Amino acid sequence: MTTRKAELAMAVFLLLASIALMFKSMQLNIGWIPGRGPGAGMWPFYLSLGMALACLATLYRWFRGTTPQARSEEPFVAPDALPVVAITAGGLFGLLVSIHIVGMYIGLAAFMVFYLRFVGRHSWLMTTMFAVGTPIFIFCLFEWALTTTLPKGLAIFEPLYYPLYDLMY
Amino acid sequence: MKKSLKKLIAGIGALSFCAVASVGVADAAWEPKKPVEFVIMAGKGGGADQMARLMQGIIQQNNLSPRPFIPINKPGGSGAEALQYLKSKSGDDHVVMVTLNSYYTTPIMQPELGIDINTFTPIGRMALDTFLLWVRPDSGLKTLDEYVAKVKAAGKDWKVGGTGSGQEDSILTAMMEAEFGYDVTYIPFPGGGTVAKNLIGGHIDSTVNNPSEQSEFYRAGQSVPLVQFNDERSPAYADVPTAKELGHDIVYYMQRSINGPPGMSAEATEWYINLFKTVFDSAEWQKFCNEDGIDCATWVGGADLAAFHKTGYERHKALIEKVGAKAITGE
Amino acid sequence: MFQEILVHLGEGLLEAFQPLNLMMIFLGCFAGLFVGALPGLGSVNGVAILLPITFLVPPTSAIIFLAALYYGAMYGGAISSITLGIPGASTAVATVFDGRPMAQKGLADQALMAAAVASFIGGSVSIVLFTLFAPPLAKFALAFGPPEEFSLMILAFATFVGLGGDDIPKTIFSILIGLLLATIGLDIISGRPRLIFFDIPGFMHGINFLVLAIGIYGIGEMLWTLETTQGQVTIHSVKTSWSRFVGNLKLIKTYIGGSMLGSFLGFFVGTLPAAGATPASLMSYGLTKTFSKDPESFGKGNPAGVAAPEAANNSASTGSMLPMITLGIPGSPTTAVLLGGMIIWGLRPGPLLFSEHPDFVWGLIGSMYIANFVTLVLNLALIPLFVRVLATPFTILAPLIFALCVVGGFAPTQDMHDVWLMFIFGVFGYLLRKLDYPVAPAVLAIVLGPLAEASLRQTLISGQGSAAVFLERPIALTCFFFALMLVLYPVYQHFTRKKAKAADA
């Protein structure tokens, strides 16, 4: 996709999103309540109206070719950089999904292995060090020093941490 | 790769079953096995938050629990977020929640949430917070009658500050409007402390704050209570009349209680009831209550609390119907 | 009067120099650095989380610990802003604008030093002001009602006129979407939830500023760096040496002016309840930029752009203790938690605290003098360690930063919903940035928006729907006047420059 097309696609998407937000705001009172001032929806409604107008302006400038992005026929994401960006974003997505299933700590360890070994091509020693070290550091910092729990994933993974709690408290 | 992953998961699963089994056998009495989530229906720094953190401190200091209590603030939607969260934690023995009166009002004002508080597991009532009507000394007001006369004359020009539409003080304000037949302008602020500041600074004319939010200004002679809304005069404010004495049937308390999610196991419920009873009876808790003019005389736990909640809920429902939800939200 | 203050201060310093209290200062500053530097935690959560620990010591030592932590966290926020480009807390957003470019130019040590020195200046100025003028300033804070708060927010917005990009429709879009995101959640005036998309309960607590900031500056920035470098580089390592340190010291004179401005402004804004350190640091940055001889260099790595907000946020954190101690009213979210702590310890903050518990109040004030020195020394000493972060290979640093972002997004609200939002904001922020949509205005708007809306609507309600109330408020009118001046100043500058250029040619 060229930058020019991306500019158009983004402006159209944001315009549609702004219009959707206007409709969403209309579920609330967007008028002026006598004696009290604006209703709950007035502020969001006019904000999204303004957003829609700003998008229209961007679209107008696109047709006129005013902005550098509207003229650029360069690829939107450099082809040789695309894989690494996509892999990173995808890996992060995978990390978030895995947190729901196996929890923060196991998820992070897996993510570190994936990133250090398969993206960074570091040695297995280095990979293992970070894959094991990061979750342990975060566990000690959050669960122990700051007494804040992080997600443990599905219920079956929870008892894994009981012995650790026995040690800590 | 896939196969080994499967093996790993199977292994972990087996391990965890062993852990569950061994814990179950070793120990007959229930105790928390992991940190307990201590959900607060309000934001950081408010009254409910202070109380929760004090309870957390008392539990920790006196070693009352083998696992810590971890406060989590869920202030969204006047407590709607917290209520939904607790509902979603059905059957979980490691979550309890500190409630305010939004425990009653939010399910009534937002029926679309589908929250039935009778399904939650009541544990114990920690305190009954009280309300007083405050004005500035320079207003020259001394009695409730003078106040009513002045407010009636001022009408919409009289500005009452509060902590938000749908909150306890807005209900109380609506009750007073209904009783005395005046109509004031209600201005919501984020938190009782800000309300107090706006009263002292002259940006509003009166408020129905909790004593904890005004007691220091009162001692410094910067604010005056005219009437209290308790059944009987509270010892900290022995010379302020109650509305009841003056012939107006306005009695309103804010309950602060601990409740668990629906379907909490009986053993866990019992453990929490004992724990919070100990906290309630502790010298620290009682001292905190006395200094703040909060009523912590009687402990209400378990089934008694369920009955208390039932009356509380019905009463709020009747109140909101009487004054009208519109009078509270102002829309 | 003055003598009396000195005597009290002497006693306070003695109190603070007690071994236990001294230890608390060190511990607090150190913990604060950590908590502030971890994206997502920040001083509010740090203080809230560590509050129960303070039950183990007497109240004076406890407040000293937490105040030192608050102090340290203000600086800690700058560390992650500069080295990682992720603001650790809302108070450190403005530090990113110039701190990050400096680090990318290999001047991270210079930026860190500017932050440390400016924080020290901010801390020193504010603590002296605090010692001398606490009671009269408290009176002034009381005069600040909703109309004044609204005018202050307008003033804060006005200081940022020059911050947007060159593309005006896109800048406007960015401001508006920031303001809109800020309206999600609870409508405080009607007490009802609003804009709860798809009935997801996570939207009920609104969109925390941090979620947006970590998303855009953490994840978005990382993706951007990956694309431009194709994952090959270590960022920009800095060799620290003694001679470099001395060289950096000489630079102090270039930003001392901005730091002083930031210190006074920060203290003043900090003392006003409800404002806090974030608007203070933003205003300080905006003003320093507007009145700089070379506004173009801001945002590209000008040390004055690091110093100004850092001086202001440290100064404001001291300032926000003032309404807490004298009125019992929090001046910032962190002091709201501190206030809760004081009540739990059995102390009643309010107008009588100064006279009834002088040992406590003056012990706290004395400790702030010491904590100020401790943070300065600690920070200067740790600079070589912090810049080491930048020498880490990117393929190790990136996953570590992602891990911190995910944990930091989760910890404050304990809700995965916020982590997902952060991810979405990160990816969108990256795409938008590539298309030259400026992101900073959105981040600023989400911080200032809720205060602005609430104070405007409170004013209108108290005026029964009429905005005429503003005309009766001299403080508010003054703020509006200055805001207007600030908006017009760049226009004026633009024309005079054009003239000058024309004259040159």
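Each chain gets a letter, A, B and C, in the order it is written, and its residues are counted from 1.
Quick note on the criterion: contacts are C-beta pairs under 8 Å (C-beta built on N, C-alpha and C of every residue); 3 or more make two chains touch, one makes a residue touch a chain.
Note that this is a predicted model, so its numbers are computed, not measured.
J.: Have a look at B-C versus A-B and report the one with more C-beta pairs in contact.
T.: B-C
J.: Taking CA centroids for every chain, report which one is farthest away from chain C.
T.: Of all the other chains, the one whose centre lies farthest from chain C is B.
J.: Please work out the Cα centroid separation of chain A and chain C, and write it as a whole number of Å.
T.: The computed centroid separation for chain A versus chain C comes out at 23 Å.
J.: For chain A and chain B, let me know how many angstrom lie between their CA-based centres, rounded off.
T.: 35
J.: Where the centres are mean C-alpha positions, what is the separation of chain B from chain C, in Å?
T.: Their C-alpha centroids are separated by 31 Å.
J.: Touching at least two other chains at once: which residues of chain B meet that condition?
T.: Touching at least two other chains: 37, 156, 185, 330-331.
J.: Note the residues in chain C that touch 2 or more other chains, in rising order.
T.: Only 52, 189-190, 192, 414, 461, 464 qualify.
J.: At which residue positions does chain A touch at least two other chains?
T.: 29, 33, 35-36, 39-40, 147-149
J.: Considering only the defined contacts, which chain C positions touch chain A in the complex?
T.: For this pair, the touching residues of chain C are 41, 46, 49-50, 52, 167-170, 172-173, 176-177, 179-180, 183, 187, 189-190, 192, 194-195, 197, 219, 222-223, 226-228, 230-231, 393, 395-396, 398-400, 402-403, 406-407, 410-411, 414, 416, 419-420, 423, 426-427, 431-432, 434-436, 453, 456-457, 460-461, 464-465.
J.: Which residues, counting only chain B, touch chain A once they are in their complex?
T.: These residues of chain B touch chain A: 12-13, 15-17, 19-20, 23, 33-35, 37, 66-68, 70, 156, 185, 330-331.
J.: Sort out for me which residues of chain B touch chain C in the complex.
T.: Residue list for chain B touching chain C: 37, 44-46, 49-50, 53-54, 56-57, 60-61, 71-78, 80-81, 84-85, 109-110, 156-157, 159, 164-167, 170, 185-191, 193-194, 196-198, 200-204, 212, 215-217, 219-220, 222, 287-288, 291, 328-331.
J.: Chain B touches which residues of chain A in the complex?
T.: Chain A reaches chain B through residues 29, 33, 35-36, 39-40, 143, 147-149, 156-163, 165, 169.
J.: Considering only the defined contacts, which chain C positions touch chain B in the complex?
T.: It is residues 44, 48, 51-52, 55-56, 141-146, 185-186, 188-193, 196, 201-206, 273-274, 323, 327-330, 333, 336-337, 339-341, 343-344, 346, 348-353, 413-414, 454, 458, 461-462, 464 of chain C that touch chain B.
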